[in-house]
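First up is the structure itself, then whatever we jot down about it.
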């Protein structure tokens, strides 16, 4: 994984999200998205440390995770647009993007839910003799969900090869982390006997390095690791905020947060020429992807309940 | 609170439970109980530190808590026997004994549920200008319930005057605490910024002392305290175990556990004469209580749904 | 004056906070009023009365139960209908059961409000449930107001009620506006339905946003000379069976439109009551979500899974033709 | 040979563990087999196949979903029916929804077993629920076997099914024994009911332990010359409507006995189907728990709240007298 690869990923996510926001505005994407802008280094760094047989779970703010894991951007755009060619055939939308062929067990719209799913998947893979490591993403808000804390316990008890990646962007919607998380984020994981580290979530290289050692631990049977990645959400909690007047962050704070931009941090590690090349490459990729998505078919409403059951004969 | 008072409480609980087990055997109590035998020092010590306006919540293994808080043993026996004169008019049974006039907000049959109820009650009392402290009891098994861990967070964030009393008796039914609790019990509370202490749960005086300082903290606005009281359950998880052949503790372990008996530990602090006096007093009290309970009326099945709603006109 | 549904909820909360010091609100992002339901209330009543919670639904639901046991009247806002699944134990097994289990020693006057229940454009499978039938089944008082005036009046009654009450504010109704004189806003008793439109040929039972679909269908059919009576029970549980019986006694034909799944949903209950007690001239019909429904993201699919006006009109024709 | 209901469940688990290496069990105290359902299985299959869990129901339910996504077939034992309330989100909003939401990329073959559902003597308000109608309503496959052979056959089918399935083993049925040749034990397909007793005058629909009450009532009434057909749907969802229709076409009279609450319960669904589709000679009747039922501890009160044989006989007489 070169600096250039990491840059490509963060740049891809950034530009994907900016285009997705445009598609929300233009009405091509119904209902809006939770933009990942500002947090790209985390997805890029974590996924760069994973191998092909590994699995991830994602969140409501999940486009970055699945892009970093290598999904076809055309199929992600198509999913956001509810098209049949979407990752989930248009059935999932922004909060459920999944690609099981890449080990993406799905984004999850319930905060704190996916940690235990990832833990179960990693345990099951190991029990079947596979060398799988799971990485599960969640926000600072999820640290207050009991079901996630329960998952820490299972993972620690059974030495499950899972990496808990907390993206601490300072807020759960409008709730500041200091008003929501008593004690400290890493202490919560450490209390379960899980090694917990706080890392700079704006720097893809740092995230990659930390994840690499966590993957090493997991693969060698040493169990879970917890990574708190400090970061900042540059944009709205959700695009609905572009229309609502929610005041919970000062403009000074937002500017300060934006000043440490993962795209710039990683971009600065490339020559201007290389960077321009990657930028052009990403733009071409996304132009093509958006075009494919916009051109692809809408699913047939008659098949609205397709895939509801594994055995379709259930329905009356 | 004298040594004699504490002894009276542990002795009362012990003998109450022994009689209750007899009533289960004789069929006067339907369905069985979770005996508190061996853990009496905790209920006695904690409740001795509370004042009249304080509140407690209890558990499936709750007779000791409510007795230590001062309920009329006749009404507790009557509740276990499903009589109209029972604490809950025979509607609650062993796992739900409540006496709101004494601030007993109920035992709870769902492990881990009551901690957040106690936290809410304590917060509400304070908001209404009352000087209330809540003590909430739970087992080592409850430490793995996310909803309890969530309660730690709320209590710590909002500096709620609540004392979390973990009775670590080494097992959740048949599950040893070492196989169930990764990390450490107190670390879990400390991770939320709650001062957490491990104390000898077999010695009523030690429990009382620790609770006193926790009550002091709570009353002076310093928020929650967590007390891990190490103890041992002398009898079955539940009286059904008297009939089932569950093997999860060696006889050596059980003997070792029983060797530190709270009744003996506290009894040794009394003169033989004083001790015999208390014993006789307790026996007389329980004789009378059992007699009252056995003689009291069964509720009318026609009123089976009484108290279902605050406004009875709901039912059709 | 125009009153929107959302503003009606907001006004009900503000009025109750003002008149009763034991009322307080808790929930996620209610200080910033992300859903708009609590707009201005933090500024007006302060942090002791409008309590922003961490994402700890189970604990804060039980916290509300505890606060109720200690004498307060908590109102919880839930951002998403499926959060009620997450706190199902806390509502159904705790709050609901305390009164009977303690032999009447206590009351648990907690109100659970879900603004934006049912399908919301783009929110997909895990955010589009409408679980009012579940709460009715377990016997928790359950309210689904259709209009701003009812939203106001039923929410006020829910808060004043001494039992737990769940209030669903369907996203499909949030945009509705009433032309009302604010001074006439008043509590609406739980358990009493209303005739949303009088008619003689068929009784259509509808709840929440579907009342408006039923009214539209009635308009459409009136041009064909078909006279529809729209009965809005307002409360799912307890159900106003007498009001329903009165309507059906007149029309002798019954269709229910219901945004829950078919099996053992609200419509099933209405049909069961009909089977037991009503004399009908044709078998009744229900228009519901399909069994096991999970709402797909793509908008046309999401719509295809929800009960709609076309199906309602078809069902009305069917009960008119049969027998 | 005599086969007890409990042993049948145990045998089904043992057989499936033996034939399919992807099957594994998890739950509380299943190693020591506190409920007896897993007796001997830890010794036979070891700790990787029989996994004792901490009290973390939400996490281990999702853990099972994750394991299923990774290719295993988890079976979870829940000690108490109300634990299903605690994991309602994890079953209904997660396991159930994965297939549709991912566009069919995955399956979630998890089985949830509740040995001892419904009232158990002395366990009182929070441990005596029978929430099968809730799962049927949301569309999770739901099974309530009445006999040991069915307990075996339906549990095997549940484990082999590629969707989540909830299996309720009513405490009132755990003591039932069948005289069976063990070699005849076989899977019983989900969604297919059975005639537990043939008759001509009234169809009584019953599930689980109530099948035995219905059979006893039928015996009692046969001495009065009344011929009862007992229809046991076995699966609450999907419901064998065709089997039911066939029975009712013969008897033209219908009573349902159901251990759930009345409003929008299983009986409501059967009556709704009857109202829509069946020609009956008398209004159907349902015998259920009362609405909002919380089971009081005192035994006589607990019994008074449960649907019983006397009420069933009264209801049967009622449908025979009317019209």
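When the chains are written out, they are named A, B, C and D in that same order, and each has its own residue count from 1.
As a working rule, contacts are C-beta pairs under 8 Å (C-beta built on N, C-alpha and C of every residue); 3 or more make two chains touch, one makes a residue touch a chain.
Predicted model, so just to flag it, every value in this text is computed and none were measured.
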Original post:
Going by the contact rule set out at the top, which chains touch both chain A and chain D?
Top reply: B, C
Original post:
Along the shortest chain of touching chains, how many steps lie between chain A and chain C?
Top reply: 1
Subject >> Distance between chain centroids, defined by C-alpha means - chain A, chain B (Å) >> reply: 45
Subject >> Whole-Å gap between the CA centroids of chain B and chain C >> reply: 40
**OP:** Please compute the C-alpha centroid of chain C, do the same for chain D, then give the distance between them in whole Å.
**Re:** 30
**OP:** Return the distance between the CA-based centres of chain B and chain D, expressed in whole Å.
**Re:** 35
**OP:** Any chance you could list the residues of chain B touching two or more other chains?
**Re:** 88, 90-92, 96, 108, 110, 144-147, 150, 153, 157, 179-181, 305, 308-309, 314-316
Subject >> Overlap residues in chain D, where contacts from two or more other chains coincide >> reply: 54, 56, 58-59, 82, 86, 89, 93, 100-101, 124-126, 139, 238-239, 291-294, 296-297
Original post:
Considering only which chains touch which, how would you classify the arrangement: line, ring, star, complete or other?
Top reply: complete
Subject >> Residues of chain C that touch chain A when the two form their complex >> reply: 28-29, 31-34, 36, 52, 54-59, 82, 86, 120-127, 290-294, 296-305
Subject >> Residue numbers on chain A that touch chain B, as the complex places them >> reply: 144-150, 152-153, 156-157, 179-184, 187-188, 190-194
Original post:
In their complex, what parts of chain D are in touch with chain A?
Top reply: 22, 24, 48, 53-54, 56, 58-72, 74, 89-90, 93-94, 98-107, 109, 139, 141, 161-163, 191, 238-239, 241
Original post:
For the complex, which residues does chain C have touching chain D?
Top reply: 82, 85-86, 88-89, 92-93, 96-97, 100-101, 124-126, 129, 133-134, 136-140, 237-239, 260-261, 263-269, 271-272, 274-277, 280, 283-286, 291-294, 296-297
Original post:
In the complex of these two chains, what residues of chain B are touching chain C?
Top reply: 55, 86-92, 96, 98-100, 105-106, 108, 110, 113-125, 127-128, 132, 146-147, 150-151, 153-154, 157, 305-311, 314-316
